[in-house]
Every structure is written in C-alpha cells, then in structure tokens.
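The same subunit A turns up in both complexes below, where it pairs with subunit B and then with subunit C.
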Partner chain A sequence: MIDIIYRIGHFVLITVFSMALGLLFMGIARKIVARIQKRYGPPVYQPYLDVLKLFGKDAITHGFIFDFGAIMALGGVIATLFFIPLGSWQLYSMEGTVILVIYLLAIASLGMAMGTVGSGNPQASVGISRALMQMLGYELPYLVILFALIYRYQTSSVWGLMQAQAGSFLNWNLFAYPLMAAVAFVVLIGMMGKKPFDSMIAPSEIGSGPVVESGGKYLGMLLLQKSITIIIELALFVNLFLGGAENILIFTFKMLIVWVLATMFGSLFPRFRIEDGIKFFWKWPLGIAILQALYIII
Partner chain B sequence: MLTNYIFIPIAAAFIAYILNKRNRKAGAVITALVSAYLLLSLTALYGRWDITQSFNLSLMGYKIDFLLAVNPLSWLFAVMTAAISILIALFSINSQENFKFSSVFNLNFLIIIGSMIGIVFARDFLTLFIFWELMTWTSFYLISAGKKKMAGKAAYRYIILSAGAAYAFLMASIFIFQQTGSFAFDSAAEFLVANSPAQSIMLLLVISLPFIVKAGIFPLHIWVKDAHGNAPKEFSPFLSGMMLKIGIYGMIVVFYQLSFFKIIENTIAYRGLPLLSYLFALLGAVTIITGTILAIRQEDMKKLVAYSSISQMGYIIIGIAIATPLGFSGSMLHLMNHLIFKSTIFLALAAVIYRTGTTKMYEMGGLIFRMPLTFAAYLTAIIALAGIPPTNGFISKWVIYQALIEKGYLFLAIAAFFGSIASFMYVFKPLSTVFLGQLKPQHQNIKEVPLLMKIPMLILILVIVLFGVFPGIQMNIINQISGYLGIETVNYTLYSIQGANGAWNSLLIFNIFSAGFIIALLLFSFAKKSKLVGLLDTYSSGEYITDAESYHYAYQYYRPFDRLFDNLAAKSLTDFYETLTKNLVRSGEGLRRALAAGKLQNYALYSVLLFVILAAVGWII
Partner chain C sequence: MNNNFVKGSWQEILDWAQNKSINMLHYCTGCGAIELPPTMTSRYDMSRFGIGPAATPRQADLLLVTGYLSTKTLRRLIYTYEQMQAPKFVVGFGSCTINGGMYWDSYNTIKQLDKYLPVEMYIAGCMPRPEAILDGLLKLKKMIANGEADGYKRYEENLDFYHQNQEAILGEVQRTQ
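The block that comes next holds the complex of A and B.
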C-alpha cells in the first residue's frame, strides 16, 4: 500500500515538475524572441497565468471526439514522460525505450490530430496534414541517428546511452559525433515546431492550425501538453548528446541552454514552405545522418 | 483425415451455392458454420505434428505421390484462414442482402478456404500446384464479381500474372521430377543441395515466382491495387489479410524447406548475409517505399489500404530474408498482426461502403457521429498499423527494427522507418476525411451497421489489444515454427520479448499508458464543463458558411507531399507492363499475317510439318 502511494506521489511529482518547467521555458522563449525583435515582451511567468486563466474559462466542444482527443494528447505525453531519465530521476527504465519514446509521442500527436480535426474546421485539417508531412521530414534523420547510436553502444535504453558517455565531457556525443549532434539539433527545432518549420501553425495563414478551435480548458490542456513535450524532447537531446547529468539541477541547466539556443536559431529564419521543409530535411540532415551512420557501422 | 479439412469446405461450397439461391443469407451462414468447424477441429490438431497422409497414382508408368502433412507452420496458416473466414462470413450475412452475386461469392469463398488449407498441408509440388491453381481461379471469379466496371480488368491482370508465374513453377517442378522421380519437397531439397548451385538457384527462383506475385512484392505488385480496390467489399479483408500471406508461406517453404538459404550460404555476402538474400530484403525495402508513397496519393480508400498492404508485406519479406532469429520472429509476428489489423480496417471500410455506397474519400465526412463503433474499430486498427504502442503492430515492428539494428543494415532500416512514419500519413487520411470533419447533408440519416456486422469488428478490436498486451501467446507458436525450421528461438514471456539490444515489456507499457491517461482524464473532468456546439459553429476567419460540403478539407489531403513524387508516380510500372503487352500483341499480329493469312492449304501444310517434326523427335529420342 505504502509502495503504491509512494509511486503515485512520484507520478504526480514528475508530471507537475515537468509542466511547471515547460511553462517556464515557454515564458523565457517569449522574452528572448521579444528582445531579438526589439520588444519588451511579456513577463516570464505569463504562461502560468495563461494556463490558470484558461482552466477557469467557459469552453465549447464539438462532440466526444474533441474531448477524447484532448485527453489522449495530454495522457500520451504524460505516459512518455515516465520513461525519460531526468537527471537521476527515472520512474521506469525499460531497455527498449529510445524507439518507444518516439512512438509514444505519436500517441499524443494522434490524439491532438484526431480531436482538432474532429472539430470540423478545415483549417485544423490543413494544419494537421502539414504537421504529419513535416513529421515524415524530421523523424527520418532522427531515427537514422538513433539507429547509429544504438548500433554503436549496443543498447537501446536512454539510460544506457547516457551511461555510455560517462567520464570526461569529451565522451559526450556532442564532441564524439559533432555532425550527428548538429543534425539532432536541427531536428529538435523541427520537432518543436519553431520558426523555419512552423508552417503547421502559421497563425497568419491558417488561424494557428491545429489549435484553431480550442479554447478554455482544451487550449489549457494543449498548452500543458506542449510544455511536457518540450521537456521530453529537450531531455532526450541532453541525454543522448550532452551526457545527461547526475542531478536534476545540472540537467535543467543543460536543457535550458539547448532551449535558449534553439529559440534564438528559430527566431532568425523565415518560414519554410511545407515541401521545401521536407526537401531540406531529406537533403541535409538525412544526408549527414546517413554519412555518419555509415561511418559508425563500417 | 487431413483431407477432411480440404474437402469439407469444397463440398459445402456447392451446398451453399444451391441453398443461397433460395435464401440470400443461407450461403454466408453455411460459410460461417464450416469455418467454425474447421477452426475447432484444427485446434484439436494442435501439437500432433506427426500426422501425414498420402495417395498414390500410377500414370503412364510414372508413380505419383500426393503427400499431405501438418506442421506448426501450416497449422498456423490454416488456423488463421479459418478464423478470419468466420468473421468475414458473419459480417457478410447482412451485408450481402443486395449483392447480386452472393451465391457465387459463397461458392468461391468456400472453395478458396479449402484450397488454401490444401496448399499449406501439401508436401509435394503437384498437390501444391493443384490447390494453388484452384485458389487462383476461384479468387479470379471473386474479384471480377466486384461492382465496379474496372473489376473485370483488374481480375484479368491478376489472373495473367498469377497463371504465368504458376506455369513457370510447374515447369521447374517437372524438371526436378525428371531428375528425382518424385514431386515431394524432401527429395527435391536433397537433389537441389547436391546439384550445381547455379542451376538450383535458378530453379528455386522460378519456383518462388508465383509466391512473389501473390505476396505483391515489387516489381510484381501491380495487380494488388486494382484487385483489392475492386473486389467485393467482403472479400477485400480476406484478399489482403490472408491471400497475400499465402505468398509469404510459399517463400518460407522455398527458403527453408527447399533449402534456398542452405544453397546460397557460401556465396558472396554483404555484412554476413548472402547477396541473394540481401537482394530479397532490398526488394522488400523497395516494396515498402513504393507502397507507402502510392498509398499517400490515393483518393479511393480501398486502394489506399491496398497499397498499404503492399508496403506492410515489405516488412515481412525483409524479416524473413535477413534470416536472423529476431528477423524471422518479427516477420511472423507482423504476419499475424497484419492479418488482424488489416482485416479490421477493411471490415470497417466495408461497413462504411455498406451504408454510403461509395469508396471515394472526399464524398464522405463526419461519419463518426453516425457510426461510432465502426470508427472505434478503424481507429484501433490504424493505431496498430502505424505501430503505436500499446497495440500489437508496434511489437512486431519493434522486433524487426531490433533485428535490423543488430546487424547494422542501414538502408533496410531507413526503408522500414520511412514506411512506419509515413504510415501515420496514409492511415490518418481516411480517419480525417471519412470519419471526422463535416457530415454531408446526404449522410444525415445514416445509421450504424446491424449487430451481426458489429460483432466481427468488436472481436477484432479485442484481439488487437489482447495481442498488444500479451505477445507471448503468439510467440509460443512462432518459437515452435522456428524450432521446426531449425532457426534459433527468441526468449520471451507472456508479456515481454527479449531483443538484441533491449527488451520489450508490453504489460508495463499498457499500465503506464493507462496511468497517464487517467491523470489527463482527472484534469479534464475537474475543469469546468463545456458547452456542446455544432460542427458548422466554428472559426471561419469571418467567412459566412453556408453548407457543410464546401467546409470539409478532404480532396488531395497531402498535395505538397505528393508534389515531391509526381514525376516518380507518373512513371508507373503498370504502363511499362502495358507497353510490353501491346508490343507483344502487335508482333503476334504481324506473325499471324505473315503465316496464316486465311489460306486453308497453309494450315494443312503446318499440320503435316508439325506431325513430321514430332515423329522425327520421337524417333530420335
């Protein structure tokens, strides 16, 4: 009994921590982008206020699939979170996790896609179709990288890949395989839907795409989902390329650095057309990833 | 005793045909009963791998043996055939009320069931060939019974490819018969191993031709789309779920029982894999990529799913061709899982077609509010197809990935990853355009399908989740097959599988996923209740919305992506084959004009010449 309560406590702690951290990161990003554009920008705690406000507001729904999609989106990322080592925190270490994480994230995307398209708004459909196309663009190089890493270290658990970089910081994959890290960084920007690759959101063009119909608690849940997704993706990058960390503080610091860099890079470029985005991902990141993978397997 | 499994369905076929003339539902009921009987009696056969049966026939001085035997591999295929036939027959009791050819349908369907069991029990070339032809011809009639105009042409293409390959197969097996005096697999395997490798490889490649055609492997996949898209809606699940797999069965027979792998063991190798095996795996990879890209382009939902079948067959071929224990287990897992989720998808689409009468995706929309169970079946099945945990589809793909990463086959892995990620795209297209979005005015009064059509879909949903949590059930029989074929087995428990560089525990995944879902659900239900509004009550950038039809994004869903592949898709292989046919016909025409321009005397001359030549040849030999 005590064990179960302990476990539930862990569940809640990690979930709440990641939501809070993700929202903080989003606040920081807004500030950075504002400063780059010579604006003052909202306060760093603005996303917290947004979420609190959204959960207090009235909302409209378009039927049960709309509700189910929002729940599936948030539930999917929370489930994924439990498999990721955050510093020394990890609830479940399963050896097959790296590939699993990619596919578990897909549950959340599917939930979100289903819910928003279920609203009947064509702008949401357009956004989702673009998001899926872009996903094919960036997942391919990412999976090639994972293939190379798993083959190199003979383990597919995130924990094991992190342990393999222990010792000096020169063992980090960032320094051992810099090209691969660069590819992963570009992919990370694509995954998070930041500026060159944000055609699925495109506020001025398709009314923010997938979230066009969401308001009130639906938008609140999608914001929370976004915040956890950010943490998962950053944590994956830090674990795979920056050697993870012994404790959560250092880990958070590393995630913050990656996030700030990604935000800065993101705000420098104009938006890709969707097919140009795919072409870009298949030309440079995929090409480099394949070369690096060939170097490792031969 | 083994003949019962073959001849009871074939006998029942004629009874079903006659009774179905009286009552439209009788045929399907008989099909369901016969398949249920088959399934039950096959379960009794489990574990008795020593049963054999043979017949002799003396013909013109040759002694011909017909051999039947049961082994774990054939048992599995027979059980899958029987199980899926029950569900399809149940489904078609109601769905065939208005189907003109329902008697013919049940006649052919039962004969196909019988002949497929005959194929998997056959232990010699001749028996295999007889049942193979029986299956091909009956399925030809079934495909051409489809409603559309194209059905006849599609069936024609199918029969020409199949027949050509099957006769090549017959020639090769007769050649082997001449050398060994027997059609049996065992003596053929002995002969082929002892023979010169080059000749053996040629013979085996020819023998595997009909299986490659049936499995829809590139470049002989061109019949699949049209045949699947135009076959009667109840037959598509069987065609795609089971009949493609019988091709894989044949390839396993060629690879292991006719010792193809043993013969090519010592040829040139790439990363420890003989080059010919690697070529087969590469064909699988090309199959995945072409199937996927073409699936994304389709506007017809049955054709879309047909192309997705082609691409999924690629995974199975890759796993079998790389011939590692993990690869083989992954393929067999994927084979079973593909049967389950692909039949679910086709049944759900058949339910949609039954109610709406169209297969064009852009003519539908918003059906989820009218057909929720059909939607649930489709959703579960596509989650499995896209390989998302916690369903069975993820497990099999994961095992195949493990096998590819273990050996470092980068390019095969890229194809596998591509097919998997892109499958999100093509499975989401029908979900979004048929089930979600705006409901068309003409579909306002559609109802959910009747109970008898719901039951098969419900069962299949449960099976998908069951095998997603307990893959050990499938691994049990797969390890017996591996043992039988002499492949190393893979470690597993009821809910976990040991891979090369990681393990998989599906119960844990299932529990965690439920935990995450519960947290989200709690958060959702504690917040304020929301107000339900209609589908047209949406943000439209200030535009005034008049009708639902123009407010549904469905046609050319992935246009930007398709644009990347327009050039490639324009060069279709079908055109190549058609040009080939045209040239063949033209040259034949020329020959006819030159030699047989209608003069009776010429024909007489030819007959005499032929007789003389034959007599001379006979005399010399």
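The block that comes next holds the complex of A and C.
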C-alpha cells in the first residue's frame, strides 16, 4: 500500500517538475531568440503567465474527438515520461525502454492528429500531415542510431545505455561517436519542430498548423504537452549522448546546454519546405548514421 | 458570500495574468498595418510587455483593427471577432475607426467601428506612430488589470443593438449559434 502511494506521489512529482521545467525552458528560448534578433524579449516567466491566462479563458469544443485528441496527446507524453531516467529519478527500468519511448512519443502525435480531425479545419489537417511526414523523416536516422547503440552496448534500456557511458567523460557517446551525436542533434531539432524543420506549425502560412482551432483551455493543455515533450526529447539526448547524470541538478544543467544550442541553431535558419526537409533527413543524417552504424558493427 | 469572495479573488488573478500576456490578432487590411512591424520587431520590441502576435482568432485575446474598414471587410471582421474566446478586446487604430478619417464621405466604408463591435479604446492618429501604439497598449493593459476592459460583456448584453447595426449595413450576417 505504502509502495503504491509512494509510486503515485513520484508520478505526480515528475510530471509537475517536467511541466515547470519545460515552461521555463520555453521562456529561456524566447529570451535567447529575442537577444539574437537584438530585442529585449519577454520575461523568462512569460510561458507560466500564458498557461495561467489560457486556463482562465473560455474554450470552445468541436466535439468528443477533439477533446479526446487533446487528452491523448497530453496523456501520451506523460506516459512516456515515466520510462526516461531524469538524473537518478527513474520509475521503470527494463529492457526495451528505448523502443517503447519511440512508440509512446508517436501516440502523442497521433492524439494531436485525432484532435485536428475532430476540429475539421483544413489548415490543421495540412499541419498534422506535415508533422507526421516529418516524423517519418527523422525517425529513420534516429532508429538507425539507436539500434547501433543497442548493438554496441548489448542493452536496450535507456538506463543501461546511460550506465554504459559511466566513468570518464571521454566515455560519453558524444566523444566516442561524434558523428552519431551530430546526427542525433539534427534529429532533435527536427523532433522539437525548431526552425529549419518547423513547416508543420508555420504560423504565417497555415496559421500554426495542428493547434489552429485550439483556443483557451485547449491551447493551455497543448502548451503543457509541448513543455513535457521538450523535456522528454532533451532527456533522451542527454541520456544517450552526454552520459546522463547522477543527480537532477547536473542533469537539468546538461539539458539546458543542449536546449540553448538547439535554440541558437534554430534561430539561424529559414524554414525548409516539408519535402525538402524529408529529403534532407533521408540524405545527410541517414547516410551518416548508416556509416557510423557500419563502423560499429564491423 | 465566502464563495463570492473566492470567485472575486480568482477573477483578479486571472485579470492580472491576462494583462501580462496578450496575444494580438492584427487585422491588417487597413494602411495602419505598416506601423506594426516596427512595433513588433527590434526597434520598438512589444514582446517585452508580454504582447505577442497570434496566428489565429481562436488563440487571440486582442483584435487590433488597423485603419479603415470597407463594408466587405467588416463582415470578415465580425466573423473573426465571434470566433475569438472571451475575454476578448477590440482596439480601434487610426482615425478611420473613430469617425471615418479621410474616408468620411466614402460610400463604401464604415465611419464608426463602435456601432458594430464593442471597442475598448482607440489609438488616434493618421497613422499613429509605434510609440503611440505602445502607449495605447500599455493603457489597455492597465484597463484589463483593473477589470475595466469588459467589451465582450457589453457585446453579450447589447447583442440586439450590435446585430441590428451590423445587419443594417451588411444585410444578412451568418451566425454560428
């Protein structure tokens, strides 16, 4: 009984922590982008105010599927969160969590897709179809990398892959396999929908894509979903390539560094068209990933 | 009574959050649109006050009507306004929305925005400079924080008045509900 209460408390704690941290990261990103554009920028705590405001607004529903899609998107990412070690915080550790995480992340995207179908807005459909196509683009190189790592360390749990890099920082996959880390970084930018690969949300072209019909409380919920997604993707990168961390503070610091770098890269480039983005993913990242995988296997 | 007190304080918190975070939908068919890029970008960065652009009406809190409105665009403006989620605010921008401005004798533009949509405040000028826009938006923030910006409530209360005026100039207007 105590064990169950402890575990539920842990669930809630991790979820709230990731939401808060993700929103903080979004605030930091807005500040960085502003400084790059020689602006002063909104305060760092602006996303918290946005969420509070959005939950105080009215919201209009477009039917059951629309509601269910939003809940599925949020639930999907919260479920994913429990399989990723954050520092020493780790709820479930078993073989195969790497593959499980990739599957569960897709559930969140499919939830978004359901929501957009429910709203019936053509721009939302265009946005989500681009998002799913882009997923097809970046998941291929990412899976090649993951399978190469799984083969190299003979374990398929995120925790195990993190443990395998323990010891000196030279054991980190970032230094052991730098090409692979570079591919994963490009994939990370694509996953987070940052600038060269943000054709799915293109605000001036298709009115922010999948979230075009979500206002008020729905947008607040999707903002929270986005914040957790950011934490998941950063945590996965830190665990796989920066050797994780023994406590949550160092882990947060590593995530912050990766996030700042990704934001800076993101604010330098113009937007790819969706087909060019996929072509890019299937040409350079996939090619380099396969080369590196061959190097590991042979 | 206790319940009312809780409700009131919660409303104050929401008003405070709303005044710190405003997503603006700029309805850029009038010439005032040209003053908005400098207001939003590096020169007079408006995001430092928590005011940012919104992509769609559903996500917006503030409808900025930039300049004159022909009867054709008024219809779209009304549809846009009705898609927004309360609390929502309308700001008239430039003298065209106040009294018709230089189009005072045009057969095809409306003279007074206030008759068709509930306007919180006007920013006068032809065109108002970015400084004037920022000044106006800061005043709007103060109004929201004090709970004075209640245009959406006025619209609901005087729905017949607004609908009558809209239909008088447009003929039939599609209503969602």
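Annotations for the structure displayed:
We take it that the second predicted complex is superposed on the first by the 298 of 298 C-alpha atoms of A that agree within 3 Å, B and C clash if a C-alpha of one lies under 4 Å from a C-alpha of the other, contacts with A are read in each partner's own complex, and residues count from 1 in each chain.
Note that in this section a contact is a pair of C-beta atoms (placed from the backbone, for glycine too) under 8 Å apart; a residue touches a chain by one contact, two chains touch by 3 or more.
Please read all numbers here as calculations on a predicted model, not as lab measurements.
Applying the stated clash criterion after superposition on subunit A shows that subunit B and subunit C can sit side by side. Of the two partner chains, subunit B is the only one touched by A:Q154; subunit C is not. Centres of mass aside, this uses C-alpha centres: at subunit A, the angle toward subunit B and subunit C in the superposed model is 110 degrees, to the nearest 10. Shared-chain residue A:V212: touches subunit B and subunit C both. Shared-chain residue A:D50: touches subunit C; no touch with subunit B.
Of the two partner chains placed by the overlay, only subunit B lies in contact with A:M72; subunit C stays clear of it. In the superposition on chain A, contact is made by A:G41 with subunit C only, not with subunit B. Comparing subunit B with subunit C, the partner in contact with more residues of subunit A is B.
In the superposed pair of complexes, A:D198 makes contact with neither subunit B nor subunit C. In the superposition on chain A, A:D58 contacts both subunit B and subunit C.
With chain A fitted onto itself, subunit B and subunit C come no nearer than 5 Å, counting C-alpha atoms only. The residues of subunit A shared by its contacts with subunit B and with subunit C are 56-60, 207, 212-213, 216.
Those residues of subunit A that touch subunit B in the shared complex are 11-12, 15, 55-63, 65, 67, 70-83, 92, 94-97, 99-100, 103-104, 106-107, 109-110, 113-114, 117-123, 125-126, 128-130, 132-133, 135-136, 139-140, 143-144, 147, 150-151, 154-157, 207, 212-213, 216-218, 220-221, 224, 273-275, 278-279, 290, 293-294, 297. Within the complex formed with subunit A, the residues of subunit B that make contact are 366, 368-369, 379, 383, 386-389, 394, 398, 401-402, 404-405, 408, 410, 413-414, 417-418, 421-422, 424-425, 428, 431-432, 436-438, 499, 501-505, 508-509, 512-513, 515-521, 523-524, 527-528, 530-541, 551-554, 557-558, 560-561, 563-564. Here subunit C touches subunit A in the complex through residues 13-14, 17-18, 20-21, 41-42, 45, 47-48, 50, 52-53, 55-59, 61, 84-87, going by the rule given at the top.
Residue ranges of subunit A in contact with subunit C, taken from their complex: 30, 34, 37-43, 46, 49-50, 52-53, 56-60, 203-204, 207-208, 211-216, 219.
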